[in-house]
Amino acid sequence: MLKTTIIGATGYTGAELALMVHKHPELTLSGLYVSANSADAGTAISSLHGKLAGLVDDEVQPLVDVEAVAKEADVIFLATAHEVSHDLAPILLEHGCQVFDLSGAFRVKKGDFYPTFYGFEHQHEQWLDNAAYGLAEWASEEIKQSQLVAVPGCYPTASQLAIKPLKQAGLIDTNQWPVINATSGASGAGRKATLANSLCEVSLQPYGVFNHRHQPEIATHLGCDVIFTPHLADFKRGILATITMKLADGVSAEQIASAYQSAYQDKPLVRLVEGMPKLQNVQFTPFCDIGWQVQGEHIIVCAVIDNLLKGASSQAMQCLNIHYGYPELTALI
Amino acid sequence: MLKTTIIGATGYTGAELALMVHKHPELTLSGLYVSANSADAGTAISSLHGKLAGLVDDEVQPLVDVEAVAKEADVIFLATAHEVSHDLAPILLEHGCQVFDLSGAFRVKKGDFYPTFYGFEHQHEQWLDNAAYGLAEWASEEIKQSQLVAVPGCYPTASQLAIKPLKQAGLIDTNQWPVINATSGASGAGRKATLANSLCEVSLQPYGVFNHRHQPEIATHLGCDVIFTPHLADFKRGILATITMKLADGVSAEQIASAYQSAYQDKPLVRLVEGMPKLQNVQFTPFCDIGWQVQGEHIIVCAVIDNLLKGASSQAMQCLNIHYGYPELTALI
Amino acid sequence: MLKTTIIGATGYTGAELALMVHKHPELTLSGLYVSANSADAGTAISSLHGKLAGLVDDEVQPLVDVEAVAKEADVIFLATAHEVSHDLAPILLEHGCQVFDLSGAFRVKKGDFYPTFYGFEHQHEQWLDNAAYGLAEWASEEIKQSQLVAVPGCYPTASQLAIKPLKQAGLIDTNQWPVINATSGASGAGRKATLANSLCEVSLQPYGVFNHRHQPEIATHLGCDVIFTPHLADFKRGILATITMKLADGVSAEQIASAYQSAYQDKPLVRLVEGMPKLQNVQFTPFCDIGWQVQGEHIIVCAVIDNLLKGASSQAMQCLNIHYGYPELTALI
Amino acid sequence: MLKTTIIGATGYTGAELALMVHKHPELTLSGLYVSANSADAGTAISSLHGKLAGLVDDEVQPLVDVEAVAKEADVIFLATAHEVSHDLAPILLEHGCQVFDLSGAFRVKKGDFYPTFYGFEHQHEQWLDNAAYGLAEWASEEIKQSQLVAVPGCYPTASQLAIKPLKQAGLIDTNQWPVINATSGASGAGRKATLANSLCEVSLQPYGVFNHRHQPEIATHLGCDVIFTPHLADFKRGILATITMKLADGVSAEQIASAYQSAYQDKPLVRLVEGMPKLQNVQFTPFCDIGWQVQGEHIIVCAVIDNLLKGASSQAMQCLNIHYGYPELTALI
């Protein structure tokens, strides 16, 4: 049994992770932590997230002595803010922990990315270089070998799973930038008391136009520019991404079908659907459903995921399963 | 034209009032105010409530000199916190303003009500004694004559409109307390940044069980005890109240029908429906829809309103129309 | 491995059952059936319920030869209409199948119940007499021994789990009928094309007032009269029931706490919560959360469940686990 | 007073029209009609649409004698199916009625449009040629002069109001087709009993990809190709359209601002917002809110409307106001 600790346990992704650790036959929960000054410290996680009651009732501890936490754990999930992950991960790694980081702190290996998009200078370039980017269906070898897995963002997961098979097979003309329109439920903004998050204020609208951090994450890992326009909507969970692309000259629908087939035929958590996918089929599940349609030179691809699961926590657990060689769906279905 | 000022203009009820003042042919907007230390001071109201854009774009002013505000207005709507209304109303009234107060500060003429339920001692008993309780369909004489109208709470409006015809006609046995179960949209909690208000946290549940301030407001004005259980639900606007009562001995369905008919046949904003009412028929409207059914000794009555309109702002405007003798529906439909 | 067949597989409860059979280590899916004239016959269940894709892709068969179906199965779940269950169950039972019926056909052992509330005369009184009423936390012995388990309705499950500990302990004064107000998501009406079910028409409202079939089901199994008022609301899944009762003379909060504790301390799927329960904590789960509060002579109890799970399919599977002696949570968590 | 009749009165747009006719000081309601075989014939419209109760309680008549209906009316709103409008409009026009048609029957003056997208051959080319396309902010002269106004579709209204100022000013490079991603509430599908419309089945998803009728409507009236991808979502009212375009060489943000300003500065129902628009600001209103942002060669424009109002009924009434020279906002605000 691997001793597994979650830091940043009181957010929505932390709670989902706690539930999956509880279900996982090879893991035992060795600790739930929040930052030392959080008002949640000392509370049972199930009193913050009532759905965990009777399953995970452990108390959330203030994170005071990182080294002590590292020594008591084999595996650490970091469900923490970007800068917190940036600071904590190296300490945990040096103590030998296997780390799955759900933040953006180790996702992009490009010098000016962090100052520009996250507002801080990256201090741990070596760890950055060695981190696996945990897009699970596309990086199993890196995930197996790396001590640090940077779990992709929610929008990048949906977007890349939809685009990558075509991009890798050279089927799209990226001179005309892919246009990604995506809509996310409000849990994407985290568990926070803000006016913008309040039920009466949330209503369908674009945000972060031309400047969302997930644009360069997607562009870097795809290897081409994209136009990414996220939208907030008044539901709780899920992301739908609709992507419009120009095909490379002479590409046929058969080639496209074949690219998706060969990318995902052995990947149980990506489902190629007839027609177009529907959000509710993946809510509360670890799946990504993908559909597409072609007309003339253009293709529309649509992908749906649960932003807290395939877009965060279940993909983190999927990476753990891959890393340790457990069946990929363990604790997920 | 009556110069009309709204204090507490940036909340949801304030914004609805601003829209109705704009529509009202006899009113002109003389000021929008918030408390002096509010971050909203100095902002256009339409940048806080985008739906007002192009209709009411006035800047919200900090309330610094109450007397100056009083001098520039004929009518004041107080959409302020209970204690703020308690402190402001007497000043405004002494300067001759007609005041419609949407808070609970002048609703109940009972010594120990305010310390017990609002946490403050009432300092203005004379104004309290002279205030009209503005349940519009039931108090037109008082509303016409009083300089201060205490507009009822949202739950009390729905509950009393449903129960009062039967209670007044002696048709219910109040030894067995009426059971009021009501469900409200999240706007009832106001425009606030709290975790409990955040879209991901709001979900159908009871709250304030046995201790909500609206219980004694209802009980006092009805003249009998009631059991009142409010619920919060994850929609924006509206209240549905379902009330279970024991009938007095030998009461017939005809007597009940007749009591409702005679109470509301001349009241355009209360609609008696066949069968049971549906919330969406009154959302964004000033109506209260009421339906009822009898079996044996029991009656179920159901009333629906828009909590921000008939439960607050449109009832305040209805009171203004009644007070000044304007057609009752002016600015409401 | 028990061969398990679902009849009425294309509805919402049928789909949930299929998913649980898939997850259950002791069950193997031996067939999915719909009525012979259904347009769904011949379709993969996952094309009707996209969330099953990749998990259960079996084709739904038309039910033509009941005896042949019975011979191929050890266990049958009936997720069929009341009259269909009434007709099928005896045939399946006589062929030796273990039957879990999710309809109302075998729930109430009272002569005039079926003609009055279901519109048909019951033809199988002996099976009715021998059926276990599968309120899982209260009938484990009957469930273990009976070849036919009548799984309770959704409202009755929530209502009885809330009331029964107090009723059994003699803590409530049932001369004053318990008042049950309950609100259900639209899936309670089944997978159907009706105008009343259409998204634009559904809005919070009472229905079935004084004449819903679940009222006598609750009353019979509790052993006292109740006033039951169901409401429809515009969400997909879940039921919240709020119950107002008069306590018997001199009953203390401690006695109540103790009654709930002793009823549920060993029951993992009923969780007693501090304060009041919240619907989203049980949606997509097999739990029932219960909270209560006392004042003077009155008690308010609130229970929440997922109507499709604890209110139907997961309770059916829980009964199966109890009947066969499998761990109670198998395939449920 | 103009005698005004609504044919197709029982749908969602018909009900909105009835409400606006009721509010309009220059109109009197001369009839509400449905097709002769509709089950709704003979019912009060307010029993179908409860929100009309007390305002419009007229009975809906079966449409038997079109000529008689024409003779009794000055103005006809057709809220009917495309083919019905196609057949009725010429008869009504020949009897001298002013006709506002909310269907697609007279929107596009192109030979093969109707067989391809609507499945029928157009029989009334002369009326088609003389119809005004009632995009109110862009066609006031045609609307003033034409006896037949074809009110635009909901998606085309939002899309064109967003794109047209730039297209007309030559600011976009249409060699790269504008990409329109739009999301609509379920009322867009009409008042119908279908499984796809049922609350439990509706969930965010694309539909009509590459083959929705509104694509050629938009393309024809804009004068350039577009890629149009509509989505259905689980809310009742509203459309949000997000449009991604390539700018023509060297176009500046100032030019764009100026194009929008000059297009809409005198148009009270189009509001240019700072930042990006939010759906709830236009729900239940006749407004279209538009926001935009530029980066490098690309522009994202977003427009929101209420699909039943600016996308149908209130735009029809706006056209009536323009045609007859009434103040543009009459009966709308």
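Observations on the model:
All chains are identified by letter, namely A, B, C and D, in their written order; residue positions are counted from 1 within each chain.
Simple rule for what comes next: a residue touches a chain if its C-beta (ideal position, glycine included) is under 8 Å from a C-beta of that chain, and two chains touch if they have at least 3 such contacts.
Chain labels with UniProt names: A, B, C, D = N-acetyl-gamma-glutamyl-phosphate reductase.
Note that the structure is a prediction, hence the values are computed from the model and not measured.
Of all chains, the one whose CA centroid is most distant from that of subunit D is C. More inter-chain C-beta contacts link the pair B-C than the other of C-D and B-C.
Homomeric contact subunit A/subunit C: same residue numbering on both sides for over half of the interface positions.
Annotation: 46 Å between the Cα-based centres of subunit C and subunit D. In whole angstrom, the spacing between the mean C-alpha positions of subunit A and subunit C is 36. Taking each chain's centre as the average of its CA atoms, subunit B and subunit C sit 40 Å apart. Shared interface positions of subunit B, defined as residues touching 2 or more other chains, are 234, 236, 277-278, 280-281.
Residues 12, 186-187, 191-195, 197-202, 234, 236 of subunit C touch subunit D in their complex. The part of subunit B that touches subunit D in the complex is made up of residues 23, 47, 50-51, 53-55, 236, 268, 271, 273-274, 277-278, 280-282, 284-285, 287, 289, 333.
Of all residues in subunit A, those touching subunit D in their complex are 176-177, 179, 181, 183, 203-207, 209-210, 227, 229, 231, 233-235, 238, 240, 242, 244, 276-281, 291, 293-295, 298, 300, 302, 304.
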